[in-house]
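Supplied in structure tokens, the structure appears directly below.
Note that the chains take the letters A, B, C and D in the order they are written out, and that residue 1 is the start of every chain.
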Amino acid sequence: MPEQTCSAAVLTNYQEPLELREFPVPDKIGAEEALVRVQMAGICGTDVHLWLGQLPIPLPVILGHETVGYIERLGPDLKKDWRGKPLTVGDRITWASSITCGECYYCRLKRQPTRCLYRKAYGISYCADEAPHLRGGYAQYILLRKGSAIFRLPDELLTEAVVGGGCALITAIHGLERAPVQFGDTVLIQGTGPVGLAALALARHSGAEKIIAIGAPDHRLQLAREFGADGVISIEHTLGPGERRRQVLDLTGGYGADLVVECVGYPSAVPEGLELCRDGGTYLVLGQYADAGDVAMNPHTITRKQLNVVGSWAFEPRHVHQALIFLNNTHWKELFAREVSHRFSLQQASEALETVRQHRSAKAVIVP
Amino acid sequence: MPEQTCSAAVLTNYQEPLELREFPVPDKIGAEEALVRVQMAGICGTDVHLWLGQLPIPLPVILGHETVGYIERLGPDLKKDWRGKPLTVGDRITWASSITCGECYYCRLKRQPTRCLYRKAYGISYCADEAPHLRGGYAQYILLRKGSAIFRLPDELLTEAVVGGGCALITAIHGLERAPVQFGDTVLIQGTGPVGLAALALARHSGAEKIIAIGAPDHRLQLAREFGADGVISIEHTLGPGERRRQVLDLTGGYGADLVVECVGYPSAVPEGLELCRDGGTYLVLGQYADAGDVAMNPHTITRKQLNVVGSWAFEPRHVHQALIFLNNTHWKELFAREVSHRFSLQQASEALETVRQHRSAKAVIVP
Amino acid sequence: MPEQTCSAAVLTNYQEPLELREFPVPDKIGAEEALVRVQMAGICGTDVHLWLGQLPIPLPVILGHETVGYIERLGPDLKKDWRGKPLTVGDRITWASSITCGECYYCRLKRQPTRCLYRKAYGISYCADEAPHLRGGYAQYILLRKGSAIFRLPDELLTEAVVGGGCALITAIHGLERAPVQFGDTVLIQGTGPVGLAALALARHSGAEKIIAIGAPDHRLQLAREFGADGVISIEHTLGPGERRRQVLDLTGGYGADLVVECVGYPSAVPEGLELCRDGGTYLVLGQYADAGDVAMNPHTITRKQLNVVGSWAFEPRHVHQALIFLNNTHWKELFAREVSHRFSLQQASEALETVRQHRSAKAVIVP
Amino acid sequence: MPEQTCSAAVLTNYQEPLELREFPVPDKIGAEEALVRVQMAGICGTDVHLWLGQLPIPLPVILGHETVGYIERLGPDLKKDWRGKPLTVGDRITWASSITCGECYYCRLKRQPTRCLYRKAYGISYCADEAPHLRGGYAQYILLRKGSAIFRLPDELLTEAVVGGGCALITAIHGLERAPVQFGDTVLIQGTGPVGLAALALARHSGAEKIIAIGAPDHRLQLAREFGADGVISIEHTLGPGERRRQVLDLTGGYGADLVVECVGYPSAVPEGLELCRDGGTYLVLGQYADAGDVAMNPHTITRKQLNVVGSWAFEPRHVHQALIFLNNTHWKELFAREVSHRFSLQQASEALETVRQHRSAKAVIVP
């Protein structure tokens, strides 16, 4: 009997179209592995960075780290999901994109598992040339390793909501755990991409008094309003940091925001954002995932304004749990599901990346 | 009867010698004021910045914001010091260098009194041309305003220890309150000037497991060892940030320090220091008091390393109290008193500033 | 010209009807004082404790510490409210019920102003026999001392919302500042009186995932649902702590709540509530304002369950500010205004207290 | 060849002498197991509770949960200790007494591994009738399970120091992580047993300004002074809580201590201790390991004094690491090693327990 195969969209050369390749679908899987038929894979902004070669990865790679699928085969020892719920073939699931070693200096001594020295992420860290190949979401099938944090999805939670929230929502949950909204806070969100909208939703949900979003283009500012922004400032319709600063000061009694959340990714957003915090406020650097080089900054600002500047990297499985709990809420579930604006086939994966690169979509997904 | 006068060293033009001027000694003082005969005034690194014109102040100014003196006259309503201890003429006292309004947005709503919108500091914010003139420590007399946080000094505490600790010690107490040493921490101190040595003493006293100091010149590195550094790295004998980073990684198992305290003041120390923190560690930006302009920094470092970067500005009266409590400790009292290495008369004030500027002293003081 | 007088309801003997007395309305007032014509005074549960003699106060006392009124006369030096807004005769205001000394061990060194050694509260700490007499809200006029934290009310905020929130809302804001709701928390509120409802509103507003309220009678449980409780448990319709505990465990996956807020005031609520926390959870003891004596508790519970048990006493002026900000929100403003269910004249003050004592009202107020 | 056997002291009936039994020494061990020849086993106060039947355990049990030994056989897959250091036969090691599941609600979602639902402790949770029997320290050999957190001991660290610190030191490290000493704190330690002395050492090391210890008998108060107490109060030489409270207030300016650490274990210590905290202070309930029943407490104290009451249960492997780091310090290493005052053979295990029960020893150990 011939071996079954499946398709996957593979990044083989930076900045070139993804290649559609065939890989064997494993017939026999390990004791704690799961073979998953992909239902929907989100296109994350990080995928664009990877595509453009801005983060080092072991090419070729099957991209895709925010995925929902159905269990096709289940290793004999994999009986429960990360929350202890029973798993069976056919269950609709999602999973944490990374696996940590649980044993290194960062996992054990410093309790910083997101900085695990041996962390590997689906859709990013696995070379597609190496068996079992299927380690990314832009594919018909993905094979989950032992140790993956799997979450069975409740029936009432649409796949669109889970992928619409995507890793942006989970990343923002971790970030705001490290720099929490406090009662009565004025919050400023820099950036209206998926991370920015997720941070906005979380700040609104956590009782922020006033939320201002800075971003572009206009269709995303409109989304920001729908997600609960009290005021929006357009990057396109302001002349520069000075004008934006004046607008923010006008909206904050002249002081700046209590909490500023950077969800932009361009280095220049950081010096701009530090000036948008009130003295003694908090600046969360949440969007600088790619190494885009240096920017001129004045460290005197941090001392004089007595700031707390907080970095946050990726997330842990418990943040996926929190995201699913948050999405239980009818209001947010619908907003995130509606964020899915563009659907592509596996063959159109490059087009999907290009759409995201040009900020044309709210959220683009691949339906293999 | 002729009016009594006294001498003060006045900064009249940036980068020029201080001028010795005569001012009237007030005969009658306000209900909650105190006239103080200066016993000793410390030369702070900030005084050098002021002298060089790196911070805007209302010239002419009598410098001096870390001072000990004797009460000469006491306003009728000033009966107790900040801690509630009775005050009488002849008492030896020190005082918090700043007065805050207690009513503004930062004082009231945000509890950030060091960022008070109307804060004024002795030796910095008062124009010597305006009566009552005597608002700085480089003088025979200083007149303390209503609302000054005065501390009567215990007999067993040498003036040299109080001025030796100076505002550096109090500033470091506030900084380490905002970024506390945690049990078992490896602490790296950037800078071996007065703030660096004070931070070192506090880290040692608070149970840091290992302390490394980076600084220069050699006589200050020797002091750092006396203050408890387990290892020192010389700026003068290393080739640059790369070599220093390798040495720090060697001393920290390859990870960097849990807590890095910047006590340098040059902007370039900040990007260097961020790289000396372990992932998930804390970076305290304590030394950037003067606005020395921009430096190239990579904000990706903050996100990727998941850092906490903390600024801290000046101090509150309760930190002066804590400093005096800390100096009660025989061990530290003696080390700080011994730090006073150079004594100058009022006439030699410019020479004193020059000595500090060239890092020739451990601690220089004026004895008027 | 005859001196003007006004009426006030005075507590002269514990557990006896309040007495209506006439007091002179001061014609001339101090430089930073304000004479206020009372518009509405809330009846707080603490007033019932005071009436019953469960807290020591200097009888006779004009009760009333949650009050809104109009400025009738303004001392010449009182130009701005606590937030810096200009004050003029005719302004509608409220004020923090207490004044602290700002100078004692707790105010200065330990930053615990609610534990100020010299704190005095309107409606509680002032003997009505001593001039100027008018220091409580159950009166036609009240004279505010120098140092009162006055808040001019925005026009769009109904007096009913401010008094409906009352000191319960402000107390709950302070309590939840000390024991904050964290993202995704299950919160249990013990008690559905004004403090319980306020804590419930704040937990809902702060993003609690699930909220359960335990209380009685049924009309208050209905209110709890309107304030956002996901589930309610009746004290009247359950057989005791054991049955309530089973119900709470059923609603929390068998673990108990992340945060339990005690808003009951009976000592027996505390040992019951400790058992309703999950291990590692937080228990906020917010309702034990009167000293109602001992209760049998097992301290092993605190060690074994690794709990955080947090007390919170009264509030600071900044919490009044936060309450007013919170009440800006249309949804909460209307709910708290609707809580005002019973209105009484000054003559009916004793009847008002009796109504509150019997839990017959949602919120009772005096309209002098 | 006959099977090798070894001796162990087994608790078979509460309050009766331990029984010396022979058990087979396993010849072949599992892939990640370690067979350890016991060098020294500490007698913990909890062992006395277990012996007296105050905590439910599955009799018969080989007691002993603070142990040092030499690796005799090593499973083929066990190559490194918990800190990543290579392990070989002959290495001297200690280990965390508990193993957690890493998967339950408390391990995963709430990050409270000490409250793991499936936690098992050597010397406590394993029935000696079940193979492989050797799961406690009062024995010639102990077999460590897969998943044990093993620590290879540095040569310069005496076994006496490790066992002298014992689980008391590690428990105190966890407790003071949850309720940290802050700069300038006055700390009161209730209890001068091993946990009290360890808490005292840690408070001293962490920069406490003043430390007072309450305890008995006199030889332990003398030890408390050697461990750094500034003042001691004898339970035996004071008339009761009232007199002790007066002494504590005298030593703390009339306010009470900033941090009170309960290391007693009797319920009555808790209401006494709450009254020894200053308002707004912290009370760490560290000693209530056995369920010794209820005590009368007044919860009004917690609200009125605005306290933080913190429970802490057991410890995690990282606290063992921190204890070993702390013991690196020459000063503390020697003090803890000197605490070992009584040595017993396996045959004398009951006598050892009796010695500890009567507080006759500083630290008693078994040398099998």
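The definition used in the following text is that contacts are C-beta pairs under 8 Å (C-beta built on N, C-alpha and C of every residue); 3 or more make two chains touch, one makes a residue touch a chain.
This is a predicted model, so every value here is computed, not measured.
Participant: Would you mind naming the chains that touch chain A and likewise touch chain C?
Facilitator: B, D
Participant: When I count C-beta pairs in contact, which pair ends up with more: B-D or C-D?
Facilitator: C-D
Participant: More than half overlap in residue numbers between the two sides of the chain B-chain C interface, or less? Answer same or different.
Facilitator: Mostly same residues: over half of the interface numbers shared.
Participant: Please report how many Å separate the Cα centroid of chain C from that of chain D, as a whole number.
Facilitator: 44
Participant: Please output the residue numbers of chain C that touch at least 2 other chains, ranges allowed.
Facilitator: In chain C, the residues touching two or more other chains are 105.
Participant: Write out the stretch or stretches of chain C touching chain A in their complex.
Facilitator: 173, 176-177, 180, 182-184, 202, 205-207, 209, 322, 325-326, 328
Participant: With touch defined as at the start, can you tell me which chain C residues reach chain D in the complex?
Facilitator: Touch list, chain C to chain D: 105-106, 110, 112, 114-115, 178, 253, 255, 267, 270, 278-280, 285-313.
Participant: What part of chain C is in contact with chain B in the complex they form?
Facilitator: Within the complex, chain C touches chain B at residues 82-84, 102-105, 108-109, 111, 317-318, 321.
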